[in-house]
Amino acid sequence: METKITTLERPKLNNPVMVEGLPGIGNVGRVAAGYLIDQTKAVKFAELHSSHFLPFVLVHDNSEVALLKNEFYYIKGKKKGVRDIIILIGDAQSLDQVGHYEIAEKILDFVEGFGCKEIYTLGGLGTGQLETQKPKVFGAVSSQKLKKKLDGYGVDFSVASKVGTIVGASGLLVGLGKLRGMDGVCLMGETAGFPIVTDPKSAESVLKVLMKILGLNIDLEALDERVKEMETFINKIESLQRKAVEEMSKGIQKEGKDDLRYIG
Amino acid sequence: METKITTLERPKLNNPVMVEGLPGIGNVGRVAAGYLIDQTKAVKFAELHSSHFLPFVLVHDNSEVALLKNEFYYIKGKKKGVRDIIILIGDAQSLDQVGHYEIAEKILDFVEGFGCKEIYTLGGLGTGQLETQKPKVFGAVSSQKLKKKLDGYGVDFSVASKVGTIVGASGLLVGLGKLRGMDGVCLMGETAGFPIVTDPKSAESVLKVLMKILGLNIDLEALDERVKEMETFINKIESLQRKAVEEMSKGIQKEGKDDLRYIG
Amino acid sequence: METKITTLERPKLNNPVMVEGLPGIGNVGRVAAGYLIDQTKAVKFAELHSSHFLPFVLVHDNSEVALLKNEFYYIKGKKKGVRDIIILIGDAQSLDQVGHYEIAEKILDFVEGFGCKEIYTLGGLGTGQLETQKPKVFGAVSSQKLKKKLDGYGVDFSVASKVGTIVGASGLLVGLGKLRGMDGVCLMGETAGFPIVTDPKSAESVLKVLMKILGLNIDLEALDERVKEMETFINKIESLQRKAVEEMSKGIQKEGKDDLRYIG
Amino acid sequence: METKITTLERPKLNNPVMVEGLPGIGNVGRVAAGYLIDQTKAVKFAELHSSHFLPFVLVHDNSEVALLKNEFYYIKGKKKGVRDIIILIGDAQSLDQVGHYEIAEKILDFVEGFGCKEIYTLGGLGTGQLETQKPKVFGAVSSQKLKKKLDGYGVDFSVASKVGTIVGASGLLVGLGKLRGMDGVCLMGETAGFPIVTDPKSAESVLKVLMKILGLNIDLEALDERVKEMETFINKIESLQRKAVEEMSKGIQKEGKDDLRYIG
């Protein structure tokens, strides 16, 4: 298959903006996107599968298996000034560089087909320090005009001095989108940066900024509670992926104890 | 070649079910499928080769070389209520994620061509505990209706709480099949989970459940004996694969002791 | 995308020679090509992106993100005897062997389209010894006639006894170009060979030889100063790439601490 | 490019047999094939290059660069009973499994185009023991009839009990050829099996058997001397490859010492 998107519904969207939240540092983006989908009752309309994901299926509590996937949801902007939104969420990113680029290109092709010209990717920025009460939100952009547009939203633009790269989908979607003339912003919540710890506070900071930018009004009170539920699921997948990768490499690398030899 | 299936015969099959048993934990699936082929005198009708298998050939006792392969057998259901069956067995799985997905898709394409809409994959579920006398059989399914169908066959559906993923062909065939609307069940025998030890007791438990589901009547008395024969062959391949992977990486990683340098 | 070249302008070039300087040992080639572009006010006319580069974007000081890329510049030879030049510079090379060959082939296809039949690749030759005041310039060629052509330019042709291979783009462009009947020279400045230390003295030596060969007259006085500026940027990318690769592998290899297991 | 064969001449060959000797354990095959080419004044007629070889060029003593390659030579059988022969020799094998299969398939496609239906691959069988004065020659075959054909040539067919696999081109050419109905024999000289030590005695044993089979009459007296010359070249390539792989991985894995961080 390599990478394939299956469309469940073709909604008519009006100049939609895409918001991406895939697993990553502190799972900031994944948690923010998940809560956004919950609270806005966003509708799923497509799934992405790829041969570049880990080669296994998840088993859910109801005993059903599911391939690793990314999912596309949409929200129709009801009020004036609230735009249509495509949300990209998922349980995996590519295992290899070729897949990372391939998947990002497929995503951009797909959302361009719905008229999308603007992208917000959500992630965490690992500072290596203990979490603060009010995590900052850092920003990186595809062009200077977006920096001006974000003026007044409390986004800190000193990313280059803190980190210098944005790894994976959050970075590539903005970078590859820029090549196509799409506007892109990466919003990153300050977080300790230990991949294992899901950081709801950081996700809340990112969501607050995103809500202002998109003119959304979402109740953030249930976030802590929902994060606890999501955390279990997210951590389980993360731990399973880790475990599976370990087991796979163990299976291959385990030292043989017999006296068999090979021929060159 | 990438992945290629060579057909030796094109049997006419009536709504066949596919049973898969490739190497894995405790070799439960491999042993169960091998015994099933033996006892039913199933007929081989196709072979699968892939560039994603280890790049070597096996040398058999008669000095003949053979590529690593997967094999397709069929059984024509003779009695009423006994369905035609395709059995997939083999000595290797893919070395990389892209190959895992590619091979599973090729297999599904192939068996769909024979009218197959239902898949049973066989494997082991590693519990990390010493083997029990009566290993349980765990199940995961592509949809809820299959869980109901398996009601009364003694299948334990608490997989999600025990493990959370099914790695390799056993998982991907059910997961990718589900995307195509195929029904899929993964039956996993409880086993210690050390990849090196072939577990005939666990294979027997799985076979018993599978026989009930498919209406087969197979004498399981010779299993222990046959397993001993198969075990030698299976363990040899496993050990050779391990050894070959080691040697290949040694060849590449061995530290050079001379003073040659390189240019960037 | 795999590997794609985006053309910004299609200059008419007269029998141009290509000069390549990508990151490598001592960053000799990268620094020499960068200074050449600076001093000649060369014009950028194309960019190369590839799925074989690390899957991340750089964040610049102005908060803008940028994909890793290679860039093509041109210089129109104004004086008699000074040829048109294409300069290839960039911030990355391929992560894998297939990408290395693919990218080199794309580059050769591209410059052949502008009538280029001659290539000079610039790099460092690591000797493992402390830097000397007057680093030698070593040469390797696609054919004997080029050795004669370089006679009198102070190029040392004892490369085979010092090193025996030229790794990456500097080598492959000359080797693959040779297969197409293109003339190729690799000029390598003597350097300590620790990848982390940028070596301006070595780059200066290489530039001096290249200037004589191409009949260029460039003021080398500002080199030290410019190298300091470039060094910061080059070292940052290098360090980020290293860090990112580490983090990516850590994320995948980190040991799981829970009791989850997997099924084969 | 992936894998490409460039033909220099299209000789008319009469039912030729292919003899393969690429680098491997003890370099037995490489040395035997090299000596055969020397003594029979075999003519080169094609070259194979591949993106699956290490991404570098060799620098020869005359300062010329050369891509890693495999080469095809031919010998026209002059005397009655001496068949036309294609010899495959080279300085590299694939780095990855997909390339191993791809290259072997390309080679088979190519020699089938010259009417070749029979293959002899030459290699070493590592026993882990000190070298003996008269190394045995072990054989593995594509079918039983070849075992009979080799009766009386002193080939030991107890390979399966000594090793169980033939890794790389020597194995895959016979295995993949068998799928196409080609006859194949792998002849392996007993050797200590340390990849670094070239073993001329083992190569001599293999050559003696091959000469009898093919009805060739070659003076083996100069072998020791020629091996010394070849050894230098072969060991240099081997050592360079090892060194290059090390350096490449060092470049990527080297621990960063600065405080830069990345964003997920």
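We call the chains A, B, C and D, going by the order they appear; numbering starts again at 1 in every chain.
Here is the rule we go by: contacts are C-beta pairs under 8 Å (C-beta built on N, C-alpha and C of every residue); 3 or more make two chains touch, one makes a residue touch a chain.
Treat the numbers as computed from the prediction; the structure is a model and nothing was measured.
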item	value
Equivalent interface positions on chain A and chain C, same or different at half	different
Cα superposition of chain B on its sequence copy chain D - rotation in ° rounded to nearest 5	90
For chain A paired with chain C, centre-to-centre distance based on mean C-alpha positions, whole Å	34
Separation of mean Cα positions, chain D and chain A [Å, integer]	48
Whole-Å gap between the CA centroids of chain A and chain B	34
In chain A, residues with contacts to at least two other chains	56, 95, 159, 163-168, 171, 186, 195, 236, 240-241, 243-244, 247, 260-262
List of chain D residues in touch with chain C within their complex	1-2, 6, 49-67, 95-96, 99, 236-237, 240, 243-244, 247-248, 250-256, 258, 260-262
Residues of chain B touching chain A in the complex	56, 94-95, 97-98, 100-102, 105, 139-144, 147, 157, 159-161, 163-168, 171-172, 174-176, 178-179, 184, 186, 195-196, 236, 239-247
